[in-house]
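Chains: A, B, C, D and E, in written order; residue numbering restarts at 1 for each.
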Amino acid sequence: MVSLTEYLVVAALLFTIGLLIVLYRSNAILVLIGIELMLNAANINFVAFSQALGGHAGQVFAVFVIVAAAAEAAVAIAIVVLLHQNLGTIDVEKARYLNG
Amino acid sequence: MVETFEALKIPWLMDAIFYPYFAAFAIIILFLRRNEKLAMAVSLLASSTVLASTLMLFTRHYGLAAGHSEVLPPVSYTLKWLSTGSATFEFGYLVDSLTVLMLIVVEVVSFLVQVYSIGYMHGDKGRARFYAYLSLFSGSMTALVISPNLLQTYIFWELVGLCSYLLIGFWWHKPEAAAAAKKAFVMTRFGDLGLFLGLLMLLYTRGNVAFTDFGAMGLSAGLATCISLLIFCGVVGKSSQFPLHVWLPDAMEGPTPVSALIHAATMVVAGVYLLSRSAPIFMASQTALHVIFLFGAVTAFVAATMACVQRDIKKVWAYSTISQLGYMVLAFGAASSLSSMFHLFTHAFYKALLFLAAGSFIHHAGSNDLFDIARKGGRRMWITFGTTVVGALALAGIFPFSGFYSKDAILVAVQAMGSPVGYGLVMFTGFLTAYYSFRVVFILCRRPDEHSGHGSHDSPFVMTGPLLILAIATCFVGRWEHGFGAYYLGASHGGVHLDVAIPASILAILGLILAAVSFAGGKNEDGVVDRLPMMEIPRQKYYLDDFYYWVTQKIVLGCSRLCAYVDRHFVDGSVNGVAETVRWLGDRWSRLQTGRIQQYLNALVFMVSVLGLGIYLAVM
Amino acid sequence: MMLDKLSAVIPEAYTLGLALFWLVVSVVRPGRDYTRLSILLGAVGVVLAFQSTFGESALGGVATQVRFYGAYRIDLYSQGFKLLLALGYLLILNLPKSGQSLLKTSQAEYHFLLATALFGMMLLTSVYDMLLLYLAMETTSYSFYVLCVLRRRLTESTEAGLKYVLFGAASSAVMLFGIGYLYGLTGTTSLPGVFSRSVELGTSPGFLFGVFLLFAGLLFKLSAFPFHFWAPDVYEGTSNQVAAYLGTVAKVAATALALRIASMMPNAPLLLNAFLWVSAIASMTYGNFVAIRQTDMKRMLAYSGIGHIGYILVGVLAAINMGEPGYTATIYYAGMYLIMNFAAFLVVHACLDETGGAQIRNFNNLHRRSPLLCATLVISMFTLGGIPPMAGFFGKLYLFMTAYQGGFVWLVVLGLLNSFVSLYYYLRVCKAAFLDPGDSPQPEIVPCLRRSALCVALIGYMVLFGFFSNAVDKYANLARSLF
Amino acid sequence: MDVGVLTAMWVAPMIGVLILIFLPRGADLAVRLVSLAAASVTLVLSFYVYIKFDPRGGFQFVEDMMWIDYFGVRYHHGADGLSVPLLMLTSIVIFCGILSSWDGIKQRVKEFHILMLLLVAGVFGVFMSLDAVFFFIFYEIAVLPMYLLIIVWGSTRKEYSGMKLTLYLLFGSVFVLIGLIALYVHTGMKTTDLLLMKELLIANPPSDLFVHTVFPLLFVGFGMLAALWPFHTWSPDGHVAAPTAASMLHAGVLMKLGAFGILRVGVFLLPEGLRYWADVIVALSLVNIVYGAFVAMHQTDFKFMIGYSSVSHMGVVMFGIGMLNYEGFVGAAFQMFAHGVMTALFFACVGAIYDRAHTRRIDAFGGIYERMPVVCGVFLCGGLAGLGLPGFSGFVAEFLVFWGAFKAHPIVAAVALVGLVLTAFYVLRAFQRAFYGTPNPKWSHLTDSSAIQNVAYAILVGTMLLYGIYPRLFLDVAETDLRRLLAMVTAA
Amino acid sequence: MSAERVAFYIISALILGGAVAVLFSRIVIRAVVYLLVSLFGVAALYILLRADFLAAVQVLVYIGGITVLMVFGVMLTGAGRLDAPPSGSWKAFYAGVSSLALLALLGIVVGRTTWPTGGILPEEGSTSILGELFLRQHVMAFEVASVLLLVVLVGVALFIRLGRRKVAV
């Protein structure tokens, strides 16, 4: 029987890798992918707890997280496209006009 | 005794003495700034009423005192001025023989000076202001003399200082007059510091500063010495004794009537009056008396030497005043307040005479220099020259004149003290006094230049009149020594003491001869004494002026430059420093906001994890 | 039966209905200026919220009740905050959307998004379940992401939107992780269920970090120190109206949630003190110090917002440690903060048209151009600075009094020193308005009656509310209803 | 006792402000008349309070009602021996301030008078309020208009000085606020009324550590406004930059606010604190006196000299407070009053000169006594009062302070007295260089002060003389309350 | 080593490998494919955890929807070309440090806390239970989710119009 902590470890690792992608890659799309992975890691957490606790609340939470992730991806992609049209690039490093 | 005091209506008389001058001052300043004639009249009116009531007071009080051996000083208080927990002060009057004598001196000389300055100030346009300040001065001097406690004395002491500042600086457009006025005020103020401390010390120890209780205070020797020396500081400042005398010669910048009134007869002697007034405290400590004698003697000698080398007539009489003040102080130092007060009494008249005569000479000749006056026919102004001779004789202490009697009384007291050095120094100063007074006479009586116009008539009567009156007074006041003693101390004592008078007279005549030899007839401007090498020191005024200049420039202004530097750089600097660091910090932190989203996230995750770990460890 | 069931959720229901109405309008007849209509509807919303808070009428006064299977709690506290949010929404509507500031065609969508954001925030005030908390946070955030980008100067607003989205997504992911662990430990997603067990679970790292990460998401909303990076850039990038909305109403909603969570945890002091203490000091100092060197007005208001959040966190700390007076002080300060910050944004919006940047220089010579606006600006700056006669001072005073009572002496000292430092840049703005001569041709301020009336109302509130602030008792009732 | 008097006193200027707001922009004369009317109302009221004040002491004309019951804030006004003279001082100074800036201020007259009346309303509020929160509110109202007054109508380096002055005083008020909060919390957060707080403090006296830290907070906080030594650098800059009437009111009255605050809040609530810190206060104020005099001597600008001389004179006030005996206390209270009138006179004169000559450098002038005898004469009166010439109120105050000082620390008193001589030196030195000496042809166009300004000078000089010649006018009023305050300090 | 544990290791290797591949892939399109791999792994994990409905939703929404969206994004923004070489090493270092710090934090949480165990999930499919939960326990959340989607819908439509205005004008 696979214990709960292993799932949590996988989720934590996935979260960290997602974070690494977000922090390291300068392409906006990849940053979004990184965020998706972080949200998936959170979902794994939820489902793992749901199985450990025996209740289905975790799975319900996971569904809604997927919904939110989808919505988030839609908005983010739309903004990235807009950024491409205005700034001409989707390199996150270039978007630094507002500072100080 | 009190009921007779009331019966003689003395409190009413005292009001008549106290208020007129202040009233005159207020009226002139507020209403009569424009027309001078009316201002002069108001001032003269006030002066004459006060003179009249003083004489009335003198006759009544003299009659009262004659009947009784020991006259109690009746005191009347009119107003509870200030009361705190430990002491209460009342405003009022103190009437005793010392007060009356001083009042006579002050009022007579004030009146004569007011009359004299009608003529002297004839052309000046600020006369209303002049008369206002003059009456304010006379009023404060009068109030000083009749005040019953040390605090009221101190108050009018300062007011007198103010009036001397205003009058010295009367011709404000002359820079030297302005500087002299400031110097006088600051220097006397420095002296008053000591007096104020003495007052506070007295208040602190006894809680009561009324003169009538001075006798009954029973201060310990040390305390008495301390308080008396502090009060003596005030005297040194005001009566221009040795270290603090530098302002008096400069004060000659003021109009001559002012010099006559303030810097000869009244203000400068206020210090001596204060000594006699608080005699019980001083007499309680021997050391204080020795110190006072020392100061007096040194001042007398030093001033005399400086007087010998002056070319300006007013400066000569100024230094002579300092010297005579030195005499009075050393007389008090020799534990004889009678001789000191008598010398004050006589000196007031002949020194006022000399100053007014000098004024008349300057008025005529237009310059202060002795030799110019002589060239411009000083000799031909009969009355002025004659009265100057009389004054010089009295100053030198020649027999029939008042100077002889008062100096004789002082010499007796000094001899009684038994210190041969002191006695010798006083005798020699007497010789110097004779020399410089007759030096002036002989220079003045030189033949005037032909082309200087022969018709040099004398000053108008309004100026020469007071000279005559003073001359007469100088001649006869001396004889009243016997009566003065009886009235002042109640116990009359011996007349002329031959064992002291003869050497003094011989020295005086020797001085006269030396002056005659040096200056009579000859054209040379400096006599044998001037050529003495050591006379260079008095000519440089004992380098005191340079010393004071060095003190103000280096120490006082240096200190202020240092404080200003500290203030601008350290105290202010630290404030601006704080503001700067805040702005710098804001600058540094705003660089954290680089605008790059990934750096934001980086910082966020790093801080969250560090914070989380830190708190976790803290909680564990 | 239906009526009384619905009566409790009148404010949210009305807002949702409003949103749908605007959606329909945007489809049916887009491209018209609906300002006056939106203000009217906003006012109706405020009246309803007021009715549901204080009204004892048939609509059922507020009895503390938990609805929707324990996921949604209605009490005087939540209704009070809903009223405050509705009022903030009404004020934001008053910021006129001049031709350039927002696209003519998207007026209706703009109102729809404002309404949904308000709906999300109203949920936040009375959320009682972690799932609902997450979804309400997401609704509000997404509405703001979209609102951020709506501006004529697209380049800046797109960059602002991008930063806001990425930062928001990251912190919501972090929050999710926190919620996951909390759920994992306690087995239930209902907030009281989780936090009531904080005593025995207090020491286990899972619970500790669960709470910690949950508060991370919350502090992102408040833009407190570690999570503030997005605020200045977004405020500068987006249009004035959205910046105002973000700066005032969003923060009040987040404060309500923070207080609610803090009130549920019995041993909150042990867990949250250290974290909030650090965050409070950091945001106060950072916000005020960096605001000094700002020249752009909106950016300066962003940093001053961060500073004020520092004070609110002090209030939360006071609430945690001190109990009821702490809650009252924080609620009072939140209400005060909403009004005074809005007044500043109102003047910023009136003086700076969209084309020019929001430089402080644009305020020059304001006292001659329009005295009323100048007075509003000066008084709002004084109130933000916490200078006595104005209400801001009373807010700060109560806050620091309760914080001192709660034992945070050093926090009070630092807070007061920071509010002193903040006076420098507030006074500098007044100097610009009062003294500096208008150099370049400045945008003409078109006088508008509604705005003047609003200014007078705001000035009256700011000056008189402090002096005659006996209304503190009402806030005390709100606080009592929390427990 | 008539209840409404005190509230009327601080409300009158507020009503003036309201009227002014609605006056048209151009009507300068109307604006000045309205503000003068408001000032004269306060003058009449303060005279009424002064005369009706019963010398047996205690708080009179008391108005007391609950204001914010949740935090226990009360609207509690009262005047006692300490505050009645200061109320009169304020009304005199504002009246003369408005008179002396009659033709001095030309542009934006309306805003100027609005801010002045606000300033004075704040000051009245402070002198009469007995509730910590209201005290603090009025305390800051009194500070705030100063900023706008300086930056708009100021002169040399006005932005820097205006900002520095305001931030400095607000920095001081941060300390005061911390102290007040500490006291409020210690007394169980029940009330902010000073009298009730005092009873609570007596009920459970705070620990020594508490007293020894909170009192310096209050003292330093208020001390900053009273130009305590290390925190005084704002006062010369601020007064130099401020317009005439503003610096008259600020130096004349606001600096007394600081000292009054120390007595009313600091000493009243924590008397042991004063006893503990007395020596430090004496040391600091001694530096104040001597250091202030020295720095004043170095100044070349008239207003800087007066600014530093008020630092020196405020040092005398602190000196008196630090002596812990009756003479020191009553001397300090009298010096507050005397110095207020004197500095107002100084600034009025310098303002008149600056309006005509547009420069304040002392050596730029020369012998202008000829052209402006009245202004120079009045300046001389002010100077003489400053150096403590008997006949003026300055002497009586300094006499009492130094008498108290001599009883407590004789040597320190002697050193402080040297400061007085320095004052004489720099005042007369400036007077001689600027007014006496050969008349500088450059200034031959100067005209003397106008009739209105003469009225102001007359009032100020008259007050100085009146209280100098007959000081019991002040002492009888202030005696009982100061004795009660002193009893608290020595008894505890 | 039960079959279930082996499956778990394979699936987690799949997930983490896909994620790491995304991190180091140079071509964006390839990165999206690796994302697909990773998401499939997650779906398989759900099945392992007996959350079958969830696995279906995951496949449908994530793989079907979001990844397609990503592809569209890549195509629309022309990022398909060779991506610029990964940026400077400093950035990598900072990213690594903060990620490691977070990993440490999560490690402590996962390692130290005593997670509750022993819950038995019913054997039959979870769909019906979830359906009931959606409409009973979490009905409020369900409604709010719909509002959320509506907002995003309107928002994205608005962005397109903004974009078109820019292009058109």
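In the analysis below, a residue touches a chain if its C-beta (ideal position, glycine included) is under 8 Å from a C-beta of that chain, and two chains touch if they have at least 3 such contacts.
Since we're looking at a predicted model, the values are computed, not measured.
A.B. asks: Among the remaining chains, which ones contact both subunit A and subunit C?
C.D. replies: Common neighbours, subunit A/subunit C: B, E.
A.B. asks: Kindly indicate the chain pair that has more C-beta pairs in contact than all others.
C.D. replies: The chain pair with the largest number of C-beta contacts is A-E.
A.B. asks: Most remote chain relative to subunit B, going by C-alpha centroids?
C.D. replies: Between subunit B and the rest, the longest centre separation is with E.
A.B. asks: With chain centres defined as C-alpha means, what is the inter-centre distance between subunit A and subunit D in Å?
C.D. replies: So the centroids are 65 Å from each other.
A.B. asks: Using CA atom averages as chain centres, what separation in Å is found between subunit B and subunit D?
C.D. replies: 37
A.B. asks: Calculate how many whole Å lie between the centre of subunit C and the centre of subunit D, each centre taken as the average of the chain's C-alpha atoms.
C.D. replies: Spacing between the chain centres: roughly 43 Å.
A.B. asks: As a quick test, compute the distance in whole Å between the mean CA positions of subunit B and subunit C.
C.D. replies: The computed centroid separation for subunit B versus subunit C comes out at 79 Å.
A.B. asks: Of all residues in subunit A, which are in touch with two or more distinct other chains?
C.D. replies: Counting only residues that touch two or more other chains, subunit A contributes 15, 18-19, 22-24, 26, 28, 31, 48-49, 52-53, 55, 57, 60, 64, 68, 71, 75, 79-80, 82, 86, 92-93, 95, 97-100.
A.B. asks: Two or more other chains touching the same residue: where does that happen in subunit C?
C.D. replies: Only 131, 135, 138, 142, 145-146, 149, 154, 162-163, 166, 170, 177, 181, 184, 187, 205, 209, 232-233, 294, 424 qualify.
A.B. asks: Which positions in subunit D touch two or more other chains at once?
C.D. replies: Subunit D, residues with two or more chain partners: not present.
A.B. asks: Got a list of which chains touch which?
C.D. replies: Here the touching pairs of chains are A-B, A-C, A-E, B-C, B-D, B-E, C-D, C-E.
A.B. asks: Considering the complex alone, what residue numbers of subunit E touch subunit C?
C.D. replies: 105-106, 108-109, 112-116, 136-141, 144-145, 147-148, 150-152, 154-155, 158-159, 161-162, 165-166
A.B. asks: Could you pull out which subunit B residues touch subunit A in their complex?
C.D. replies: 590, 593-598, 601-602, 605
A.B. asks: Quick one: in the complex, what on subunit B touches subunit C?
C.D. replies: Within the complex, subunit B touches subunit C at residues 582-583, 585-587, 589-590, 593, 595, 597, 600-601, 603-605, 607-608, 611-612, 614-616, 618-620.
A.B. asks: Inside the complex, what are the residues of subunit A that reach subunit C?
C.D. replies: 15, 18-19, 22, 28, 31, 35, 38-39, 41-42, 45-46, 48-49, 52-53, 55, 57-58, 60-61, 64-65, 68, 71-72, 75-76, 79-80, 82-83, 86-87, 92, 95, 97-100
A.B. asks: In the complex of these two chains, what residues of subunit E are touching subunit A?
C.D. replies: Within the complex, subunit E contacts subunit A at residues 2, 4-5, 8, 12, 15-16, 19-20, 22-23, 28, 31-32, 35, 38-39, 42, 45-46, 48-51, 53-54, 57-58, 61-62, 65-66, 69-70, 72-74, 76-79, 83-84, 86-87, 91-92, 94-96, 98-100, 102-103, 106-107, 110-111, 115-121, 126, 129-130, 133-134, 137-138, 141, 145, 148-149, 151-152, 155-156, 159-160, 162-163, 166-167.
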